[in-house]
Every structure is written in structure tokens, then in C-alpha cells.
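One chain, chain A, links the two complexes that follow: it is found with chain B in the first and with chain C in the second.
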Partner chain A sequence: MPAIQLAGGIPYYLPRSGLDTLVSTLSEEGYTVLGPRVMDGVISFQPLTSAADLPRGVRDEQGGGSYRLVDGDPELCFQYVVGPDGPKRYTLPPVLQLFSVRPEPDYYAMEHGPPSPPKLAFLGIRPCEVAALAVQDRVFAARETGGFRCEADSYYQQTRDSALVIAVNCTHPGSSCFCASMGTGPVARQGYDVALTELRGGFVVQCGSPRGTTLFERLPVREPSSAELELAELRLEQAAARMGRRLEAEGLPEALERAVEHPHWDEVAKRCLGCGNCTMVCPTCFCSTVSDATELTSKVTTRTRDWESCYTHQFSYTTAGPVRHSIRARHRHWVTHKLSGFVAQFGTSGCVGCGRCITWCPAAIDITEEAAAIRGDAQWAAAATAARKEVAA
Partner chain B sequence: MPRTGAFTADGKPKVAVYKFSSCDGCQLAILNLEDQLLDLVGAIEVAYFVEARRRELPPPYAIGLVEGSVSTPEEEERIHKIRRDCDFLVTIGACATSGGIQALRNWADVEEFTRYVYAYPEYIKALDTATPIAAHVFVDFELRGCPVNRFQILELVAATLAGRKPAIPTYSLCIECKRRGVSCRLVSAGKPCLGPVTQAGCGALCPAYNRACYGCFGPMELPNVDSLGERFIGLGYSPAEITRMLRSFNGYVEPFKQASDRYAQRD
Partner chain C sequence: MNLAIAARPEPICGSETMLPVPVRILDMHPENFNTRTVQVQIVDEGLRQRYRWVPGQFNMIYVPGIGEAAISISSDPDQHEAVGHTIRLVGSVTRAIERIGKGGMVGLRGPFGRGWPLDRLHSGDVILIGGGIGLAPLRPVVYWLLKHRDRFRRVMLLFGCRTPEDRLFVPELEKWDEDPRIDTLVTVDNATGEWVGPVGVVTKLLQRIRINADRTTAFVCGPRMLNRAAAWSLEQLNVRSERVFISLERNMNCGFGQCGHCQYGSKFVCKDGPVFALSEIADIFAKEEV
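Presenting the complex of A and B:
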């Protein structure tokens, strides 16, 4: 593997003390700053008021169906992997009231129109999450495809147009991670305004857009030393070599298309809870349900969009009943869509290798293990199964 | 078909609320609607609700809400008359829907209990089992929980009045936890959380207070109890402990009942 090289224009160096200035500058410019902070035993993606909210000195240990926070290096703020939440919670909110209407004698009057998102700054998202945003852009942003023009999801589009992406390259991948094999990390290659690489005293900064450059030129940055640049590249190279898992994507969409009746699905269905956790934490899963609710007396009707999951029985309910009756069918659908259907539909894999579906599955189902089993790669499948059992024990 | 007598002269549906063997908590959930209570009594006619109103209007009723399980010979008779009196019969809460905590007697000797508990056990007339309402009569809709979520009662009434299907989810509690951004009690704290097999509807109440779900809303659609049980065993819980987790408020409803019987045998 060639040594990892930092991309982008002329790099800067931001001492850690500059983080506070970064957060306050963003707030002054009207951004709601979202970033990692410790909340109820996990690193959550939440509004920040200052750099003191960042998870300094906290590390996470992840594995199949397991997540724990432990003490880490007190000089580092970004030594965790990823938490259950990411930008999806804000670009595609879990519950969004689209509008409400009130009946008038011969028409419906708009009570509340569609909401407007705040101006967001995503601070500290990982390269895998930057890649996930690019996948969601293909789903929700306006585009031309095969002669059809897809309309944008207006809330999503507004969020993305105003959002500032300040990524932090990953120097601490976890045992659930496989971004290196998906080509999405541990270094952000595109889709960011600024990408930081954390060292003990501060950050090597690369600007990926004029907005990012303008912002960081106002901060207390200096030119990085060659030792700092070298160290940053070394840290990222080490990270790429420390991926806990691997997914071989070559030929996988075709293998999955052929595997509709593969016996492996029966095996996984015995373990799958059908609870939907994997889809909720997946940064590219986009399914939602739209429902209208009436109030008892005011006659106002509100239309709401909620996160939904292809794992729920009622999600595919039609006149004749649910389309996918068994857990086997629903689980197969998710994996096949994620790793194969996405490619045909959106021209990209739906998986960015963040490993969240593995960590947050209460039954420790591992998408890399399944992909290997479906591809018929016995050696990888066995290695992944052994790794899972080791974590469970 | 609704009967004309089930509505008042000004077109409001007559609603009855009944109590069987229960703690009254679900009836109190209705009274706890505070902000919406006046709207509710404005939209319906409270025709029979002993806990809330002295006046009684005669049947038939458009909607009957039943709290509690059938655990006495008298209740066994009464539920049939109630079914005839109500056009749309809804059970509210774990007792009415699954038998409730008192259904634990179904695995034990009731006669022995009465000898220990009561000075004059001969006065006690109890059935050997406590059973859900649906074991006796046809039930049109079930609302889960111990107690019910009062907003689900409101939704049920609003949907029935509007002639639409009530928006009551049947998926796992995990969906609600993740929507709310509540950290996972099972994955991030190693607690034996029944959320992955329990029906949503409470709004992730317990997990939001750092407590694992104990399944008071009963089994979700097609739960995989065995897989979750294996995970609990991996966390160090014994089959006997898993049996007790499953046999709480909804122990006597399938598939918690079957699963608890299997873990009891493994003990």
C-alpha cells in the first residue's frame, strides 16, 4: 500500500486551543455547531456550545453488538470511532412535521408550511460520514438520471446547501470498521470544506473549499512543520492498517443478485431480531413513513415524516398484507439493497464501511461476514465468524 | 355496523370504560390526559365510567374500553354482556390484553395462595387463571402497556371518530429509542433490555431514563425471542432469570409465554 498522502491545497496547523475560536466563530456566523459529545455512555452527535463539550480524553471500544466508552489520551479530542448518530439526524430528521392544514368551507388553509432547517456546521464528522453524505446527496438532491429529473427533497437540499463540513480524519478506527476496503477512509478525499488530522497538540488542516479557506484564515493558524505533516500522514497510514474488518466489494452486487435462495439467509434469520437498529444507525439508510394525524376537535391535520425501517412488518404493508413476511426476507432485502441495489439505483454502494450496523446490532450480525459467505469466500467468512465469537465471549 | 342507540341525539358516540381485575392505572391514564381531557369529553359522551362519573347512560355504546383481565367467575359472565353492549370493543393495557401480572398465577396453585394470603379463604371466589379479554370474546383493537400510553387512547378515539385506522405502531421499541436518540441500554451498557422484542408505543420511556425495557408493551410483530435470549445468556443471565424477565406484565401472551416455558425447562 502506498503511503497515505494528505490531499488539498496548502495545509495549516491549528493548535488545540484554536478549537474554541473555531466553535465561537461558527456560532457568530449563525451556524448551529454540531459535533461529538459524551451523552449517556455514548459519543452522540449534538449541538456544541464550546470546544469544552468535545469528548477529550474519551475513547470508544466497539465490536459486534457492543460499545463502551473508556479513558483515553487526555490530549486528544477525536480518538473515538463513530457514535450511533451522525449528520443524518439533521439532514433527514427522525421526526419532521412537513405541514399542517385546516379545513375552510371550500378549501384547505395552510396552518404551518414546511419547516426551514437551521444553518448547520458538522464538526468532527469522519471520512465515512462525509462519504455517506455524498451517497445521500444522490438520493435526495435534485439530479438528472436516465432522462428523468428527480426532484430534490427540499429540507435535505436546504440543509446541505448551507451546511459546513469540517471533517476529522480517522486516526482511531475500531474493530467494526472497514472504510479502507470501501475506499471511503480513513482520509477524506472530497466532499468537505475542511479536513483536520489530529495530533497531540493540534490539527493539520486542509481546506477543501473556498468557504473552508476563508473560515480558517481567520483562525489562529500557522504553517505546519514538516515533522507535523509527516506525523499526520503516519497516523493515517497506521489507521488504514488497523481496520477491524474488511469487505470485498468487487463482484459482490452480482453475487448477491444470484443469492436470492442462498442457504446463508436462513442462518442469519435465526439470529436477526427484526428490530431495525441497523437501519436506524446506518448513515445512508433513508426510509421514512409519511402519516397524517387529525386532532380531536380543532380539525387541523398534520403530516409528519418519521424514520422507518425495511425491517418492520408494517413498512411494506399493502392491500394484500406485508410484501416481506419473514425476517429472512426483510434481512435479505436490506443487505441486497445496501450492497447491490444501491449500485444499480444510485451508482454507488450503499455501504461506507462505518461499521455501525455491526456495533449496534443486539445480535451482533456482521455485514462483512455475510458478504463473505454470500461470495463463497470461506476463508474470510470463517475469520469474521471467529472474530464475532471472540467478542461475544 | 354501529347501532343508532350507540350515539347521542347530537351525534356523539357513547363511550363506556370498564374495569376488570386490574390496578386502575389505565383508567387513570385517561384522566391524566389533562390538556386534552376537555376536548375528549367534548367529542364523545362518557356514558359509563364508574371511576370518573356517577351518571350512567344505558347501552348500547359505540366504543367500549376494557381494563383488566378475567380472573373471577363473575367477570367471566360479565364480559359477554359487555361485548353485546359495545359496537367496538378495545382492550386497554397489559392486563386486558395479555392477562397482566396476575396471570403469573397461571403457573402456580391459586388455592395455595388464598390459604396463605386470606384469613378466610372460603370467601374468595377466584378462577384458577387470569386471562386476557380476547380469550373470552372477540376484541376489535388492543392497546398495550402497563399502563397504556394516554396519547394512544387519544389517537384511538380521534382515529375512530375520523373513520381512519389508528396509527399504533407494532414494530420494536428500538425504532423509538433510535428516533429519540436514546443510547442503547443493551449495546452500550450491557443491560438485559427487552426492547428488541417489545412493541413500541411508550415513546422509549424507560431507556430515556437509563433503564432497560422490561417489556410492558408486550411482544412486537414477529419477535425473535430466542435470539435475544441467547444474547442475554452471553451477558451472563441464567435461563431462570430470562424466564422471570419474560414472565412479567405480558408473560401469559404468545410468544413470550412459549419462550418463557422453554427457558423454564432449560433451568
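Presenting the complex of A and C:
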């Protein structure tokens, strides 16, 4: 029996021809269907009108600072790894209008509120992205801030509540991937409505919620054969063994917490350009900046919330200047927050092992190598602890 | 010890989370050449009645077309008709607030954050150490302490700024100087004009008073270097780090831990702070660019 087993209730089998019915059924139910499609030389997460939009026969080759689309098996739609974007683009839009106001003699009048949250179906997101959504759920959960209405992002909450998650388990991990060591893949374990595993003729379907079951019962599904089930499990087992990278998370948050002054940060800072690509492709990065734009003629001011990167100077700017003025500090902040701060703040690592920050870093900086360097440097850690004890005494 | 969970007043906002409510500027009092105390009144009466805050908390003040800034509340916590904010005219928002002036309107969201731990003050000595505009969030504490003065032994206020002209709340500093219930000491970095008082950094004032480390609680708010120097001096005087509280300044956008700007180590200064016990941040407090 394969080491990886599909979870959930009774599985179905959806022949490849059923994908079109899936997309049209979702559209009929009022969902905006979002899925992978080839755009601008990458596999981007975009609105789909039919299954023909899926990246059939296309595969991606990824590595440190490198991403290329190449020809793949003409039968398969989901043989890529992950593109630079994902569902975060829709739950936490890069630019979200918060409101616009028109000046009145005394104050200002509300012109428009935020857009109403869309009803989205995420088709074909990876287990690492399902896990990333769960991380962001914790960030934007109202309970984290005491449950006050004025401290909760209702757009995120409503978009998430209505969104349907159809995950596709990963059978083709890339060289930047390490979801197996983060426990987030290659098989989706929770947080999905439906999880598919792609075979040459179709998909093994696992339903993770009543909503998912209701949907797929209306599709041309049948019971999978034992050979199909076994093949799916074998594919996933092979995928788990083919992870390009590995990250040892045990003890890492504590090691990073102690490593503020670790000399390794100086080494990475020499290579880091401070461009912020890693933060733009990271599926859990949530930082934003709110800003106003006023139209010259109408004087209507629109307030938007835009994605922000902690690699910029203005991110930490106060009247005394930016708090983190060196690239060393900004890069340290990102890595430390991702792998350590998230744990303290939200009870989960901020890294899901998707490998995007490695692929899209123009300097090919590798978060797994850095984590290993800091974590593995036991000598430095011991010296730092001793020094702290000395100060305390 | 989780202080963040302690009950705090519910913040107000408009129909949307990030939409400020209109407030009218009732008064704009010049404290010195570049500092104003702005009294604002929440226009909606229902919200005004409901609005509560505790010393050490801050509001996000909004000027349409310009932006929002986090400003700590500097008025008397028992005064509900208006809320005071002491601003230094150094940024686009603070300058715009001054331009709008008395009688005009701005927006407000808040209050946010965790204030000074007044509920955890024991019947000992209280030292307030403020530097420059850092005196603003300490002023509500002075009002509160004077109202509950019989609960404490000594109450001391140490304030330092660049020059005598940089002092704020001057009439009150003079009043408190006369008041036997509070020992007020003011120092300046550069003595100009007719200044005959102490000269030097505010921590030097600690040498002028007798500290009983076992029963002292200190509240500190000032620029980064002052906070650090004060923490260090208090540590030398054996005041326990659990009883030294520091209010920090960071870039803030949302006020409730979702925009990421104010992170300090794994803390969000906006919701876990801005007031921290030194013991909570001891690991990173002396480190650069955290």
C-alpha cells in the first residue's frame, strides 16, 4: 500500500471531459471561476471561461531565480508547479478600494464604499496554496483582534466565506518546492471543498465539504477503479519524494529569534537587491499600505489599500527615519517574520513551502539555505545564549 | 502574562472598517513653535457617548486627500466631550490638520492599542519619564494619578526636551511644579534664553531623586535613544524590568495588526502595544533595526 493515502469520504472519478461541465456548472451557480492559464509567459491565476483555458500540455521548469514554460504531456492540465500568483490576488487584492469621498462645505461625503465581495471558485489551487489561505485566515480572523467590528477586514472574510476551493494535488513538484517538509503538501489535507488528483484520463475526486459533495454529485462522475485510486496515491507518493528542497522547521523559530545579530545576515545582504519580489509572490505575505488619490477636477478622493513590501524604506518610516534602513535588516525581518514571527503571532509558520520566493528572487536567494545556515549554526546559538545569560546576570 | 487580552474600549469607525468618523476641531492650542494640542469632538452624538479610551491609546486621524496618522491621546480620560491630540507639525497629516484649523473637520478611527497598565499599578512610587512629544501620552496618566493620588506613595514626572522653547504643556508643567502631590523635574539639552533649570538628558534627572527600586513603577515615552537610556538607567537602579513600561513609536497604517508596518520582533506595536513592559521586549530592545 502506498505511504500516501487520499483522505476524505468516498472518492469519485471525473473523466477529463467533465472539466468543462465543472467550469460551466460553477459559472451557472454564479461563481467567478479562477484557475491557471498561460499568460505573459507564466501560468497565472486568472478568470476561466472554459476548461480550454487551462494550461493543457504545458509544464514549468523552476529553480533559483529561474522560471520557464516548456512543453509537457499533451494530456495533462495540471503538470506545472505554481505560478507567481495565486488565490491571494483575489482574497487580498493588490489594490482594493476602501472608499471614495467627495468634499462637502464642512466635511466630506461618502461617494463609494468598497466593492462588494465577489463569489469565487478557485479551481486548481495547490495544497500549498490551500495551506496559505488557512494562514491568511488566521491573520485576518476577527478573533485575533478582540472581535471588534472596526478591527476586522470584512472584504477578506466575506470573500473567503463564499469562495469554493477546488484543489489539485501536486504530482509534479518543482526544484524550488519543499511543501513536504512544511507538512502542507503534496496532498491537500484540509481546507478544501474538493481535492482532485490528476491522472491521464481524468481525476480522482475527494470531497472535503458538503458544498463540494453537492457540486460533484451533479457532474458526470463515476466510482474510481481500485487501479485508478492506487495510481493516484502512487503519483502523490512519488511527488513527495521528488521535492527539490527541504526545510527543517524544528527549532527554527527559536533559532531565528536568537539570531538577530547573526553574521549570516551580512552575507545574504550582499546578494539581496531589496526588490521585494519574494514578498510579492509569497502567498502568506499580508502587508499593505493605505493611500489617498485625489482627482484634480472632481476633487473626489479615493482611498485604496495596496500590497506593500517590508523591503521598502517607507514601510517602516517614521519621522525619525526608516526603522530598518539597511537591506540586511529588511531581509532579516522578512525571513524572521515568515519562519518565526508568524508562529508567535498566529500560531503557524508563515511558510508553506511553495518555493516562489526562491524561483522569483533575481539573486536566487534561497530561504531553505538561509534557515539551515541559521538553525545549523549551533555554535553561534550557544555563544549568543551564553552572552545573554551573562548580561542577565 | 498576556496583557493584550485585558478588556479595552471598543474602537469606533464608519460603516467600513477603514472609514473614519467625522470629528470637529473644537480647539487648536499652540504648545510651542511646532506643537499644537487639537481638541476634537465626535460629531455623531451616539458615538460620542459610547467612545471611551484609556491613557496610552492612540487614534488614527485622517485628512481626506492627505492621509492618516497615528496620534496618541493627550487629554483627560474623564473628559468625554472632546478628545485631545498633541501633534508636532512634522508630517503631511499634522501640517494639514493645522491648516484645517479650529472649527474644521477631520476623520478619526480608534482608539487602538494597549495603554499604560494603570490597573496593575500597586501602591508604590510612580515615575513618569517623558522626552519631547513623548510627554503627550503621559499627560492623561498625570491627570489620572492626581485623581487617584491617595493610592500611591510618590508620583514623579521627569521631562526633558531640546530647549526651553521645545517644552509643551508649559502652564501645566508650572502648575505641577507647584503641586505637592507630584514632583516635577524638567531638563533641557540646551539652555537658551532665561533657563536656569537643569541641563542635560532626562535620565540625568534620575540622579536627583531617590528611587526605591522595590516599589517603583516607571512609565517611559520618548525618542528611541531616550527610551533606551531610561531603561538602562532604571535597570542600574534595580527597578525590575516587569515594572518598567515603555511606549513605542512605529509606522502604523491600520491600527489593529493587519497591515504589518508596526512590527517589532514578533510584536505588533499597534495592538500588542504601544505600551510594553521592558521584560516583554528585553530580547530585542537593545538591538538595531528590529
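Just so it is clear, the second predicted complex is superposed on the first by the 364 of 393 C-alpha atoms of A that agree within 3 Å, B and C clash if a C-alpha of one lies under 4 Å from a C-alpha of the other, contacts with A are read in each partner's own complex, and residues count from 1 in each chain.
The rule is simple: contacts are C-beta pairs under 8 Å (C-beta built on N, C-alpha and C of every residue); 3 or more make two chains touch, one makes a residue touch a chain.
Bear in mind that the values here come from a model prediction, so they are computed numbers and not experimental data.
Of the two partner chains, neither chain B nor chain C is touched by A:Glu254.
Of the two partner chains, chain B is the only one touched by A:Val42; chain C is not.
By the touch criterion defined above, A:Ala363 lies against chain B but remains apart from chain C after alignment on the C-alpha atoms of chain A. Once the two complexes are overlaid on the shared chain, A:Ser291 sits against chain B and chain C alike.
Look at A:His333: by the touch rule set out above, it reaches chain C but stays clear of chain B.
Of the two partner chains, chain C is the only one that A:Ser316 touches; chain B does not reach it. Once chain A of one complex is fitted onto chain A of the other, the partner contacts of A:Glu223 are absent, as it touches neither chain B nor chain C. Touched by chain B in one complex and by chain C in the other are residues 291, 294, 308, 314-315, 326 of chain A. Partner chain A is touched in their complex by these residues of chain C: 8, 10-19, 22, 43, 64-68, 88, 90-91, 105, 109, 112, 223-224, 249-251, 253-261, 263, 265-266, 268, 271, 283-284, 287-290.
Remark: chain A residues 98-99, 101, 103, 106-108, 110, 113-114, 139-140, 144-146, 148-154, 257, 260-261, 286-292, 294, 299, 301, 303, 305, 308, 310, 314-320, 323-326, 328-329, 333, 337, 340-341, 343-345, 388 touch chain C in the complex.
In the complex of the two chains, the chain B residues touching chain A come out as 36, 39-40, 42-43, 154-155, 157-159, 161-162, 164, 167, 169-172, 174-175, 178-184, 186-190, 193, 195-197, 210, 221-224, 226-228, 230-231, 234.
Only residues 39-42, 44, 65-69, 84-85, 89, 94-95, 270-277, 280-281, 291, 293-297, 306-309, 311-315, 326-327, 359-364, 392-393 of chain A touch chain B when the two sit together in their complex.
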